[in-house]
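In the two complexes below, chain A is the common chain; its partner is chain B in one and chain C in the other.
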Partner chain A sequence: MQLKSTQIEQLTKVFETIVNLVDEVTLKVEPEGISIRAMDPAHVALVDFEMKKEAFDEYKLEEPVELTVDLKTVVNVLKRVEQELVIKLKEGENVLVILSEGAVKKRFNIPLIESAEESLKIPGIEFETVVELDSSLFKNAIADTSIIGDYATVKVEGDALFFSSKSDENVVEIRIDKENCISFKKNDAKSHFSLEYLKDMAKVADIKTLNKAKLSLGNDLPLRLEFEGDYTRLLFFLAPRVEAD
Partner chain B sequence: MYDDIFNLQKRVKPGRPFSVHTKSGLCVLCRGTKMLCGKTSCPVVLRYHQNMRVAPLIDTLNLEGSSPPSVFVGRVGYPKVSIGPLIPPVHGDTSILDTPEKWVGKSMNEIVAMRSQLVRGKYSVRVDQVENGGRLVDIVREIAMAKNPAEVDATLFKKPRGGLVLSDAVQPHGPSAPLKSLSVDGLKIDRRIDKAYSDTDLFAKDAVLTLYQNDVSVTRIQRAFSVGSFGLGDNRKFVPTRWSITAVDDTISKHMVERVKDYPWINEYRVYESWSLDNRFIVLMIPAAWSYELVEAWYPNTTWNPDGEEVAIFSSSEGYGGRSKYAEIGGCYYAARLATSEHLEREKRQASIVILREAHPGYIMPVGVWNVRENVREAVRKAPRRFNTMSEALGYVQTRLDIPLSTWVANSWMLRQRLFQRRLDDFT
Partner chain C sequence: MGVQLTGLLEPKKIDFKTLSGKRIAVDAYNALYQFLSIIRQPTGEPLMDRRGNVTSHLSGLLYRNANLLEHGILPAYVFDGKPPSFKKSVVEGRIEVRKKSEEKWKEALARGDMEEARVYAQGASKITGSMLEDAKKLLGLMGIPVVQAPSEGEAQAAHMTLENSVWATASQDYDSLLFGAPRLVRNITITGKRKLPRKNIYVTIAPELLDTTMLTSLNLTRKQLVDLSILVGTDYNPKGVSGLGPKKAYKLIIEKGGIAQAIKEGVLESFDYEGIERFFLEPPVTDDYKLDWHLPDEAGTVDFLCGERDFSPERVKNALERVKSGIEKGRSQFSLDTWF
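And then the complex of A and B:
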């Protein structure tokens, strides 16, 4: 196996988002591309990440492999990679090799760990309400609401998407009209979510190639939040809170 | 089930303290006779009696006695601190005086009686003078590393002064006096501790963990830790007693928690309890990934709510990933984390843990974080009540505590999380 990429920043930022949810992940390397599916220990959030082989400059694979790693170490290593990233496996050993090619050549060996995770299923929910918007709008709405409270109410009512939160007497409401969204499949829906999780997920908006956020909502149902770029897709599911108004 | 939660939610008014009516302290009018303050015994009288009993025995410049063994490292003036042994004016097996592991079930009077006879010798040193501090410093370290009561003969510059000294973190001790010289006899060093002390390439953390795994008591590890017995040779320092208690609790429990995270979840909801010194401890274990919270409710006129008219509730918590800042509620947080994580490690199980503590008016003075550690240990030693659902478990908890469940929920991050945060498993 040998993967090469010069778009290191994107991969690093994706992994940084995932590491907020889980410490250990299993990276699947398959003929079509790489993927990660993981759930946080509290079983509140699930992440599903895919990067197609076209996103890499070189994608050489003899047979599919599953690499379970300590993600924090991988993130720290990726942050030190300059110019070109090369990912390899050390022959005959359970060791992932990450190389940084450039004026200075760096080499990091990261031991693989035994996978404990059973395969995770994506919740099969049919959503009636789907809103697509600029991911920066989403990120700002989350930043605004988290000033006030610990959880946010996300709802679609009429022709607008609302984010709101409150604590004691403080209230915040963000309204994004249909015209300012990319697509808007409406059906009134309302659920409450922990902002602690939403804030981590909203960081994806900083990745330039993932500039569209697609929110699928229901009434007291999980949030399906999808960021999609040319060859990359990052999907989250977040369980709701049953907080009364 | 969700109906119950919504009903509960309606009753919760966050930020509104639960109130009980007790009068504020009026010691002058009361003088220990009428209990006007609402406490069940008078701390002023209790301290007076203890001082009177001990005073004639320690009215001396030459104090002889069997140190349990025990030492105290002060924090005032850091990095120049006062170190020295705690010496009672009695001979024989005094080990119980500094073994909090054996104190659960003792009354406040017994604890005060035990501790107030311990005279603290003080000798001022820089914290890094562990090895070159002179003979007196060496003796203090030997006492801290001993496994049996040591006959100590202390010459003092002045007669011991002061009464019972109290602290939230450290067990109380009696009067103190500056040390002129010290001699010791019949002292046996704990071999396990000596091994860690001799290894100047062993990190302090690893020394603590190794000793704990070799069944050295937390108190004994902490005592040796406070005199700079562990760590890389050049880094060794005296550590004020209160800091060393928390450092040891934190180090051991952090390690336990990492192991616990690899174990399967418990299969049911469990409620454990321990009652002592008018404190009620409830330990709720939830079948879920590791997370931990300690919520403490202080009634008016208890130690940390002296003038209040309402119960004051404080809490600190951590999720699966642990915490990076020092817990708001202090050392007891780490002491209880040790007690619960060591239990799970022994059982090879994982759980979310919420500890609810009611400190009632009979808890008239602080006795140290051992009270929390040993009571939570005592609680989890006993068989728990087991329940199939969170509602049943909480229903039982309510019968054991006076403060309404809605108030606990309003003040507990973890209870709110469990009650109001749904999980993805609910939707697949």
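And then the complex of A and C:
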């Protein structure tokens, strides 16, 4: 196996988001691309990440492999990679090799961990409310609401999407009208979510290629949040909170 | 007490983070005994109020639960009901041991040997009816659910885990695995630094997890685990079958498949085990329980602990703050498990 990429920033940012949820992940490397599916220990959030082989400059694979790693270490290593990233496996050993090619050549060996998690399914929910918007609008709405409270109420009412939060006497409401969204499949929906999780998820908006956010909502249902780029897809499910009052 | 399976089942060290957002059915007697034997004065005497009521267990319940809740863990306490008739001799044996420990404790105190005194004082721990009442009262005031088991608490906790009402049982003993619990966590009420008896050595105790994947990797079914445990010795037949430790018993069960077959083939002398086996496999349990975590009755807790049991108001209020925010957080967040 040998994977090469010069789009290091994107991969690093995606992994940085996932590391907020889980310490260990299993990276699947398959003929069509790489993927990660993981859930945080409290089972509040699930992440499903796919990057197609076309996103890589070189994608050489003899047979599909599953690599379980300490993600924190991988993120720290990726941050030190310059110019070109090369990922391969050490022959006959359970070691992942990450190379940084450029003027200075760096080599990191990271031991693989025995995987404990059984494979995860995706929640099977039919959503009747789906709103697509610029991911920067979503990110800003989360940033605005987290100034005030610990959780956000996300709702679709009439022809607008609302984010709101409150604590004591402080209230914030963000309204994004249908005209400012990319698509808007409406049906009134309202759920509450922890901003601690939403803030981490919103960081994905910084990845240039993932500029669209698709929110699927229901009444007291999980949030399905999808970011999609040309060869990359990052999908989150976030369990709702019970309304505090 | 409980079945001795150390060396065979290797618990996995875990982080409190792994348990965050999860409901845990705690074996109440087990936890109370832990509190009572660990939380002691330098002389080995338990903590007491001015009127001589023991308060070690209340101190444990307050601060340890505050700690669990702060980590987002929701504990429910399961209390033992009537023990099975064949446990009687074990219970009597324990009373005997306790009496001896109490004598030795007093002797050591008279000699001024504090180290020995502490060791024997732990063995002399006993939970009285009024201590149980205090424990249940405090849990109620703190907003933590109390479940009354018809028989063994660990069996009821295992049942609740099987029913998905909780994620795991919590006990220092392995018995809930025999009762069918898919997951058992240990050490969650005693984490931290602990002094080893008679030695000036401190060890750090971290939470541990045992689950059914461990049985699978040993190629054991639950019934085989029960049979294996009966050979090694359980609460109901403490001596087990002489000459059989966990490793030898495991080999026998793997080779023969179970006690019945081993007896039939003459490898094992016939003995009375069916009653115990059946009890582990089909223990009396109830579906009559409710797991609701309420915000603590702060004034009531302060009245009880500070007014009646001489706790420091400042420390109690502090712990209650942690209890309150933990329960608020824990009960307000759903997990995704409902939607798979």
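To be clear about the criterion, the second predicted complex is superposed on the first by the 243 of 245 C-alpha atoms of A that agree within 3 Å, B and C clash if a C-alpha of one lies under 4 Å from a C-alpha of the other, contacts with A are read in each partner's own complex, and residues count from 1 in each chain.
What we mean here is this: contacts are C-beta pairs under 8 Å (C-beta built on N, C-alpha and C of every residue); 3 or more make two chains touch, one makes a residue touch a chain.
Just so it is clear, the structure is predicted and the values come from calculations on it, not from any experiment.
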When chain B and chain C are modelled together on chain A, clash or fit: clash
Chain B versus chain C as contact partner of A:G124, first or second or both or neither: both
Partner chain(s) touched by A:D168 [first = chain B, second = chain C, both, neither]: first
Colliding region between chain B and chain C, picked from 219-227, 237-245, 255-263 or 327-335 after the shared-chain fit: 327-335
Contact residues common to both interfaces of chain A (with chain B and with chain C): 39, 41-46, 116, 121, 123-125, 194, 221-222, 237, 239-242, 244
Footprint of chain A on chain C - complex, ascending: 15, 17-22, 72, 213, 328, 331-340
Chain A partner contacts - residues on chain B that touch it in the complex: 2, 5-6, 9-10, 14-15, 261-262, 288-291, 319-321, 417, 420-428
Residues of chain A defined as touching chain C within the complex: 39, 41-46, 116, 121, 123-125, 194, 221-222, 237, 239-242, 244
Chain A to chain B touching residues, read off their complex: 23, 39-46, 116, 121, 123-125, 168, 194, 221-222, 237, 239-244
